[in-house]
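Multiple structures follow.
Shared between the two complexes below is subunit A, which pairs with subunit B and subunit C, respectively.
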Partner chain A sequence: MDTFLIHLLNSLLYASVLFLIAGGLSLIYGVMRIVNLAHGNLYAVGAYTTAWAVGRVLGGAPTLVLYALLPVGAVAAAALGAVLEPTLLRPLYKRAEEYQLLITFGLLLVLEDRIRVVWGPYPLAASALFEGPGSFAIGESIYPTYNLAVITVGGLAAAGLWAFVYKTKFGVILRATSQNMRMASALGVNVNRVYVQAFTLGCFMAGLGGAIIVPQQGAVLGMGVDALILAFVVVVIGGLGSLEGALLGALMVGVVREFGIAFFPEIELAVLYFMAAVVLLIRPAGLFGRT
Partner chain B sequence: MGEVSRRDFLNSLGVTVGAAVAASAGAVGSVVGPSKAEAQVRGTIPDKPYKIGHMTFFTGAAAVLGEPSYKGHILAAEEINAQGGLLGKRKIETFKADEAAGTDANVKEMRRMKLSEGIDLFTGVISSGNTPALGPVAEELKLLTIFVDGCTDFLFDKAVPNPHYIFRITNMQSADGVIAAVATAMTWPKVSKIAHIHPDYSYGRNAFDHFKIAIEKLVPGTKVVYEGWPKLGTTDFTSHITNAIAAKPDLLASSVWGGDYIAMYKQGLRYDLFKKMKFTSMIAFGVAPHAIGKDHPEGVIGGIHSNYYWNYPPAGKWPLNDIFVKKYFDRWKEYPNFQSEGAYTTLYLLKQSIEKANKLIGGWPDDEAIITLLEGASIAGPAGYLHIRADIHQGYKDAVTGFSVNSPDYPFQILDPKRMITIPIRNITAPPGWPKGEPTSTYTWIEKTWPKVTKA
Partner chain C sequence: MLEIQQINTFRGPAHILRGVSLTVGDAEAVCLVGRNGAGKTTTIDSIMGLLPVRSGAIAFKGRDITRLPAHERARLGIGYSPEDSGIFPDLTVAENFQISQLMGASRGRGASTSGAEMDERILAVFPEVKEFTGRRGLNLSGGQKKMVAIARAMTLSPSILLLDEPFEGLAPVVVNRFIDAVKKIKGMGISLLIAESNLNTATRIADRLYAIDRGEIIFQGDPKSALQNEEVMKTIRG
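Moving on to the complex of A and B:
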């Protein structure tokens, strides 16, 4: 029973971070119809920035200050997004989709290289934050307290995003633009502004995912591409462009991966792709996808 | 078969513990490092640069190994160039390539470097997925190649069983699993339930297979209670750790490495993983040394890919290592790892062979002459004596592993130089002439020739 509870918490931990990454990816696609291949690297920028900031002030700083630094990564990723959309993506909206794929793929490579130039080839850690709260007992086992914070942030992000999209005026504009950009524009919506806001918000989520998980996992080169692939598995299952889909997809991936590792460790790599393949066969647009 | 005691069998393997520098190879040629007076060079030497392609990981998670490889290479090249270059004339010019481009792209890059840049030597390479693809192409291109790593047994077992142009200087991969098992059997002979976590690719599979076959001989009756196979590049190990703990093993064996391993041990600490079981790694301390924090558990077996750790041979015992570590630190402000040592020794091995060939035939020696002198060559490097087996062109040096310890002298955790375990590599790998086997020749050799010990 204890072990089962730990498995469940592990699943939620994994799902929380995945939701933040995949949710941002889906939000951007839903509003702007852009598949941002560099999305995983914005997650990496979030992780590296937070680890770097924590590393800079470590040594004597009270722990509370360190925790206050967590969101730095999310803000950095959002700021980067706010710059990238108008400069790099906007000129390409009138062109065919392949151009957007090419430019975001190019961006992926550039960011990957920039991260190495700025932060070097060795992993960065912010593990003081992970160690700070220690562990608590679950039966005979112990569990890292920090993981609960990650799960909480993931949950709050999902709830906050839902409220934002469905309960605010901006959410209405966002959904209207998403459903019919021309009509929204004709009705007086400043589409350019909506786009940059949506893109920034999506990047903020990715950066937040990186920022809250970096104390537990560290920041390593290549983490962005890995995250991107997993985020695609999630949106394939949930449906690209759907936040509900991203949430359900992330939960499914979290649970299936956790119990896959427990019961079929030999095929850990295959299990997620198998699930995505099944969904593609049954519902090609994903569980919540618009057909 | 009569009684076989573990103690007697380990003695027969030549296992030594502590600060001994075991002599292994036969005749030793020259040593690494700048020589004082340049030996007399015979004949005229062209002064055009000697071009070397060095391929290693500059991006991606494996850059933690790639960066030290490149730094070791550059240090040696700078030293040789400061003396005027090879044979005092030919300056080394390095072309670097990013191994992270993928196997197909790496093969193309090797071709391009040979055909467009006209490189004289190809070196580097870390991944065991790449050497079996690059090896046959180097043979086809007639490109002199010294792989630093990419140490899979498969390369000389199957991919290129009769190499001519390609050499490799790190110990064969199977040594990792075998020495980890030997160290485990010596340290914790009572373990019986064993959990495994290995990256799911050729290296992890190889480490698992060889650890398993060797531990079955040395500690009969062990059983595997959990196997976890995370993807290479994974930094979330919560599930694997939970499952390993739930299986209640006596020991966890793991070949997870680089940034992956840093994440794994930090997460393991928060689950009390290391308090609940013993821990043996094949390669944990193979990363750039400062990447292992002081929070890492002490007294565990922290493998170094069975090749080299910077504080062994210990200070004062083996001047070549003292000098190398100091020069490396002065140049790069960090300590070397086994890739640094391998890449560094590679260039001096090349230099030695070129100088000997020149002494014999005069002028700049062609590749055939260099190859003849590389075959069976021996050199004293920072890690100890290195011997190149003439039949399979494989580097042989004592396999090493050690135990983690904190020292007030360093801001990171180190391996305890007083407790290093060394084994002559010839005693734990298949000998020349042994028939090719599955999954490796060394595996079938251990399976068929090692006795099962029956008492301590």
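Moving on to the complex of A and C:
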């Protein structure tokens, strides 16, 4: 029972981070119809920035100050997004999708290289934050308290994003723009502004995912591409453009991956892709996607 | 109110509008009639800023708006109801109405800009709308969508409404209902430019009428003259 509970918590931990990445990816696609291949590297930027701020800049500061630095990575990714959308993506909206895929793939490579240049080839850690809150007992095992914080942030992010999209005035504008951009503009909506806000919010979520997981996992080169692939599995299952789909997909991938690693590690990734393939066969637009 | 001079508009490589000029006066109802593919929707889209014009000029209340983006034209008081209604399917009717108000697009044009007054204006034209404000756009009938689209354009407190085929697909009795609504809107001092393919319907509401064919204006005048003009009758009715 204890082992099961630990696996369940690990699943939720993994799902929380995956939701933040895939939710941002899905939000951007839902509003702007852009598949951002560089999205995983914005998650990596969030992780690196937080690790850098915590470890290199304020390493000697009190622990509480270090926790306050966690959102720095999210803000950095959001700021990067706010610059990238109007400069790199906006000129391509009227072009075919291939151009958008090419430019975001190019951006993925550029960001990967920039990370290497700025932070070097070695992993960065912010483990002081992971170790700070200690552990608690689950039966005869112990479990890191920090992981619960990550799960809480993931849950709050999901609830907050839902409320933001469905319960706020900006949410109405966001949904209107995603459903009919031309009509929204004919009703006075500045679509360019909505696009940059949606892209920035999506990048913020990815950056937040990186920022909250870096104390547990560290920041390493290639983490963005790994995250992107799993985020795609999530949105394929849930449906690209759907936040509910991203949440359900993240939970499914989190559970299958965690229990896969525990019980059938040789084929853990294969099971994930098999699950995505089955969903594609039965519902090509994903569980919550629109056909 | 609205003055279009010699506009040329392309859709991709296709040259659709060829030197189209027209005017709409204060509180005037003008119909643009023509067959499918004649250039009516392209004219409306060009005025709304949804399609860029290659050359020519569009002026609204004396101000050149030729290069202004659509959202700024809407904020100036140009309301638009597209042929397909353009209702946001996942938004409720109430949310569809909220958009212009949330963007502040309905502010600053006379006294009739408060939410309550605006609701009154909408309800005066289409009281039926009150019954389905909580329904999602997806669940509306074709006629209800057309109704909501016009009412939604009214939330901008517009000085002019651009209605693209507002009566298309409606039963004759419903068309009469919509014609009454259009007359009420005109009675509020709002100008109208209506793209319409049915000449008889157009003559029932228009103060003036333009006929368009293959992207060119081939007639302008009052409805009576249009009905007596053989070329117009032949072109519109085939």
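Here is the rule we go by: the second predicted complex is superposed on the first by the 287 of 291 C-alpha atoms of A that agree within 3 Å, B and C clash if a C-alpha of one lies under 4 Å from a C-alpha of the other, contacts with A are read in each partner's own complex, and residues count from 1 in each chain.
Simple rule for what comes next: a contact is a pair of C-beta atoms (placed from the backbone, for glycine too) under 8 Å apart; a residue touches a chain by one contact, two chains touch by 3 or more.
These numbers were taken from a predicted model, which means no experiment stands behind them.
**Q** Return first, second, both or neither, reflecting whether A:180 touches subunit B, subunit C, both chains, or no partner chain.
**A** A:180 sits against subunit C, while subunit B stays out of touch.
**Q** Name the contact category of A:94: first (subunit B only), second (subunit C only), both, or neither.
**A** Once the two structures are laid over each other on A, A:94 reaches no partner at all.
**Q** Of the two partner chains, subunit B (first) and subunit C (second), which one does A:216 touch, if any: first, second, both, or neither?
**A** First partner only.
**Q** Looking at the overlay, does A:125 come into contact with subunit B only (first), subunit C only (second), both, or neither?
**A** After superposing on A, A:125 lies in contact with subunit B but is clear of subunit C.
**Q** After superposition on the shared chain, which partner residues are touched by A:188: those of subunit B (first), subunit C (second), both, or neither?
**A** second
**Q** May I ask you to decide whether A:258 touches subunit B, subunit C, both, or neither, giving the answer as first, second, both or neither?
**A** In the superposition, A:258 contacts subunit B only.
**Q** Of subunit B and subunit C, which one contacts the greater number of residues in subunit A?
**A** B
**Q** Just to be sure I read the superposition right, which of the two partners does A:147 touch: subunit B = first, subunit C = second, or both, or neither?
**A** first
**Q** Is A:172 contacted by the first partner subunit B, the second partner subunit C, both or neither?
**A** Second partner only, subunit C.
**Q** Which part of subunit B faces subunit A closely enough to touch in the complex?
**A** My answer: residues 58-61, 63-64, 66-67, 100, 200, 226-231, 233-236, 238-240, 242-243, 245-246, 258-260, 262-263, 266-267, 269-272, 287-288, 290-291, 293, 295.
**Q** For subunit A, which residues are in contact with subunit B within the complex?
**A** The touching residues are 3, 6-7, 10, 13-14, 112-113, 116, 121-123, 125, 127, 130-131, 134-135, 141-144, 146-147, 216-218, 220-223, 225-226, 257-258, 261-262, 265-266, 268-269.
**Q** How about subunit C: which of its residues touch subunit A in the complex?
**A** 48-50, 69-71, 74-75, 80, 82, 86, 88-91, 95-96, 98-100, 102-106, 152, 155-156
**Q** List the residues on subunit A that touch subunit C in their complex, please.
**A** Of all residues in subunit A, those touching subunit C are 169, 172-173, 175-176, 179-180, 182-191.
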